[in-house]
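Structures follow.
You will see two complexes here that share chain A, one where it goes with chain B and one where it goes with chain C.
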Partner chain A sequence: MSSEAHAVHDTTTGISNNKLLMWAFLGSECLLFGGLISAYLVNRSRFHTGPAPGDIFDIPFTSVSSFVLLMSSLTMVLALSAIQRGDVRNNRIWLLATALLGSLFIGGQVYEFTTFLREGLGYTTSPFSSAFFTLTGFHGVHVSVGIVMLMSLVISSYRGTLTKKNSETVEIVGLYWHFVDVVWIFIFTVIYLVPSPTS
Partner chain B sequence: MSTEAAATNTDHEHPTDAKYVQIAILLAVITAAEVSTYFVDIGPVLIPALMVMMVVKFFYVAAWFMHLRFDSVLFTRFFVTGLILATAVYCIVLTVFEFWTGG
Partner chain C sequence: MSESVAELNPNGAATQPLGAYSRPKGGGGWRDWVTTVDHKKIGILYGATALFFFVVGGFEALLIRLQLATPNGTVVGADLYNQIYTMHGITMVFMVIMPLAAAFANYLLPLQIGARDVAFPRFNALSFWIFLAGGLFLNFSWLVGDAPDGGWFAYSPNTGVTFSPGHGMDFYAIGLQIVGIASLISAMNLIITVLNMRAPGMTLFKMPVFTWMILVVQFLLLFAVPVITVALFLLVFDRNFGSHFFNPEMGADPLLWQHLFWIFGHPEVYILILPSFGIVSEVIPTFSRKPIFGYEFMVFSGIAIGFMGWGVWAHHMFVSGIGPISVGAFTLSTMFIAVPTGVKILNWMATMWGGKLRFNSAMLFATGVVSMFTVGGLSGVTHALSPVDTQQTDTYYIVAHFHYVIFGGALLGFFAGFYFWWPKVFGHKLGETLGKWNFWTMLVGFNLAFGPMHILGLNGMSRRIDTYSPGFGFDFWNLFATIGVFVVTLGVMFFVINVILSARRARGLPPEPPDPWDARSLEWFSPNPTPVHNFDEVIEVSSLDEFWHRKWTTDEDGRVVRKATAAEVCQAGDAEGVHLPSPSYWPVVLAAGLPLIGLGLLYNLWICVPGTLLVLVSTYAWVFEPPDDPDGPFGHGHDEGDDGSHDEDVPGDGSPAGQEAGSVE
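And now, the complex of A and B:
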């Protein structure tokens, strides 16, 4: 266990300003995804002559992707736990594992989008397709940004600048990563698992 | 919030790695249960069951992996405020498209 997990900071609130800022950012991100999910739910029955969501979604494939992203949250929290113990080597391994799992998820999303395009579902095919690609595409961009942040941490670690002293940086990147996972938990259930209209 | 109050909320120890693995196994089991509803027809309880499982997964990731369970309550407030506003956006959008669209 890390007894220095949350030290008292010399700020007016006694908590880290950087963490507070990240939480404020995540709160605002809830609004962004709230808007995008609302737009999808309003438009999911408007597929006109294009493919309907119920006809095109590949639930087994997306389930595997979801599982991969869920497990990346475990590797992320293990990376944080390692750096808080001062275990730089394991921190690096878990950060790389998280980035790898995130990349697998993105690879799955690229495959899914390509399959949909081949089956006639383009970005402007219908209001449903526009809302779907915008929502899942925005989420994919967030995962990609997370991978870039994780790789920056790995590079810092190899340079010897990521140590127990600045473990808060890993914690803040971890918060972002877990948030991306939490959003996907919501998207996976509401968009994929709740029965969708068919043509 | 005073520094003393914040200290009470933030000066603590994190769970062990074994605990994190236990949480991940639980999340994997819930995900498997969610996916099974695609293959097994459970009738009218499908959507309530999916929503409950989604909320449980959401709670576990936020509370344990994001450390909201152990961190300052101020972080929880920021996050919950965002969630409430997002829900309000959803309700307003649905209301607009249901009642305020001409024809």
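And now, the complex of A and C:
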């Protein structure tokens, strides 16, 4: 009856419209983050009288939370693999695990932001601080949207509507999730790993 | 219009997944238009809205020219003048030319690739309603007396709270953000439609040039819109949340805005012009009775423009101090981009060369594009040369240049499209006599208005000044230009009268017979006006200009001879029970939430609450609403994303291949 009846390779390209839509959207997102990363790069040494990036970053802490986020890509793959095998139970477990790891990352970001705020780096402190919070904030919002999508999948799994037939839905959410992870690799490199100016 | 979806789905009361509402059935009247997901109706909505905003923007243009007609003009004050020219630019770029392109793309693109509809019909409706919401939001600023006044490119730090304390630039930033969402949704939708829903046999290089140019434009939008999204976000954050992206007092560099804006803004220029190039590439071959000259070159030059358009943005910033190496590099790249554009101009002329030319209104407008865009293109090459550009920046020479490319290139092209496709859309032709009056008054008036601006600019008249003193030698040509704008206005009035009279004349008459122009592409397979289901059966495409090759062939002497009449080739349009996506309330409801969120950010955050609720509720309802009404007699309850699917065991046998076009039950 519904989408399951129509095989994926019915379109001209052989890729379903929904999946192609996600790819197109992610292409667009590249430029969104490209713009934000540029805005950060031109402002990273403009810390005015506030804290400098090199003084305030806690690289070991952020490395751990980055590791957590990257591991969530692994659990996402496992979730997809489970549903493609028709294993609804394991699919649900791995989706939950992915959402949990994502939430841990967001928790780490909230902790980092509050710490910075306590140390005198507010959103309006300097061009650097504005750019830092905007870039990482936009990424955080993307992760949060991903968590909402994952939890929607979990709910529909509990309602019995997420089965092997619509494993592509999991795949599409997975595309988004992996993209957000890959973007973080760039952001983490640009913000934390490239040596930052100190005051 | 012919049958609506509702007439095909006469089933009455149906309970819906959420239970709280009943799904729109189409029905007829305004409700049909508000809930429609039919790409043809959405195209007409786009066109009508764009023409409405065209009148608004044209009125603003008249005020500008009245103010400048004489030295020391007193028609409007300096402050109001700033708002008028800013809104004129924003309106014409974002609410006239872009939606006109969307109108043609929406209506024609599925038809030209032989599809039932676009890939995501409800998204299509959503993008129109969001565009309308954004346009109304921007113009709402007039009602509160606080319209944007920073120019359409809104250079910082002039747009910060220090220099723009009112709400004008907030309306600008949030309004364009809303319009940008609409463009982005529409871009993704049309890209996937072209990539995934072509009729069997239609490879990429059998697509009409118009479809190709629209595809290139959608890719440009896909990648350019997010860049201005970033810029507008940063501006909103600077103005409302106290960030310092463009604040020089804190050491920030306002040039960041210029870079972000023009990385969007230059591809935007090609977003404005390429749809018109596509239209011209359809009109000229038809009325020259020749295939387009160098089809592959036409397509590849369009693609080349699309790529190179990303590498020339800093030519808008030659005098902003970006350094000699940047200036040199962008001078070179800007001169290079004239090459693919020149290829197009020469190919159009080669298409006409030796052709059997018919100079009706559509063809006149198309040749108007070729000639006027060439003038605008040449003045563009003059300011690719950075030393010359240093003289020309921010003068009326620039104003002359971009009106020659946008009015003379883009707008005249859309008028060619109006005359060409009017019978396809409305079932009757526009009058030829008034059409020719329309063309000649617009062409002459346009040259009277903008030709002298080259001289004014070279004589040193700055753009954006609200008045000038006598004695600079500006008086005569300014009055001249003002007279020209009134001639243009006369031309637009001829068009409006033509539309009304043609509709009145056609009343009670049978619709235009198929193929009124001896045309070439797939949309003419369906009768006029296009039936709601587009095609009775799927078209098997074997060549470029498929429709033409079904009518004509060559005999052994190489002469073109007719092998079938248009009536034999065209479909009857009487298929029944065709599977169509069902209408929906949610696109318009979701779109209504966005301007409320915008107003909330400006005035009182509480106004955001109903706006956000509208967006959330309609998103949720949308997700749980099947794209096709399961209770409709012909709905199969399939997924929206699978609109382009067909049964895998019937590849290209004329049954529901491609878009399930022709799944006659």
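Quick note on the criterion: the second predicted complex is superposed on the first by the 191 of 199 C-alpha atoms of A that agree within 3 Å, B and C clash if a C-alpha of one lies under 4 Å from a C-alpha of the other, contacts with A are read in each partner's own complex, and residues count from 1 in each chain.
Keep in mind that, in the parts below, a residue touches a chain if its C-beta (ideal position, glycine included) is under 8 Å from a C-beta of that chain, and two chains touch if they have at least 3 such contacts.
Since the model is a prediction, treat every value here as computed from it, not as a measurement.
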Which partner does A:Ser63 contact after superposing on A: first (chain B), second (chain C), both, neither?
first
Scan A:Thr134 for contacts with chain B and chain C and give back first, second, both or neither.
second
Between chain B (first) and chain C (second), which does A:Leu20 come into contact with in this model arrangement: first, second, both, or neither?
both
With the two complexes superposed on chain A, say which partner A:Leu74 touches: chain B (first), chain C (second), both, or neither.
first
Answer with first, second, both or neither: which of chain B and chain C does A:Ala39 touch in the superposed model?
both
Going by the contact rule set out at the top, does A:Pro51 touch chain B (first), chain C (second), both, or neither?
neither
Check the contacts made with chain A and report whether chain B or chain C touches more of its residues.
B
Regarding the shared-chain residue A:Ser126, is it in contact with chain B (first), chain C (second), both, or neither?
second
I'd like to know which partner A:Gly102 touches here: chain B for first, chain C for second, both or neither.
neither
Just chain B (first), just chain C (second), both, or neither: which does A:Gly146 touch?
neither
Please write out, lowest number first, the residues of chain A touched by both chain B and chain C across the two complexes.
1-3, 5-7, 12-13, 15, 20, 24, 27-31, 34-35, 38-39, 42
Spell out the part of chain C that touches chain A in their complex, as residue ranges.
119-120, 184, 187-188, 191-192, 195-198, 222-227, 229-231, 233-234, 237-238, 241-245, 247, 250-253, 256, 259-260, 263, 626, 636-648, 658
Seen from chain A, its contact residues with chain B in the complex are 1-3, 5-8, 12-15, 19-20, 23-24, 26-31, 33-35, 37-39, 41-42, 59-60, 63, 66-67, 70-71, 73-74, 76-78, 81, 84, 171, 174-175, 178-179, 181-182, 185-186, 188-190, 193-195
Taking the touch rule as given, give the residues of chain A at its contact with chain C in the complex, in rising order.
1-3, 5-7, 9-13, 15-18, 20-21, 24-25, 27-32, 34-36, 38-39, 42-43, 46, 48, 123-124, 126-127, 130-131, 134
Hey, which residues of chain B end up touching chain A in the complex?
1-7, 9-17, 20-21, 23-24, 27-28, 31, 34-35, 37-38, 46-47, 50-51, 53-54, 57-58, 61-62, 64-67, 70-72, 74-75, 78-79, 81-83, 85-87, 89-90, 93-94, 97
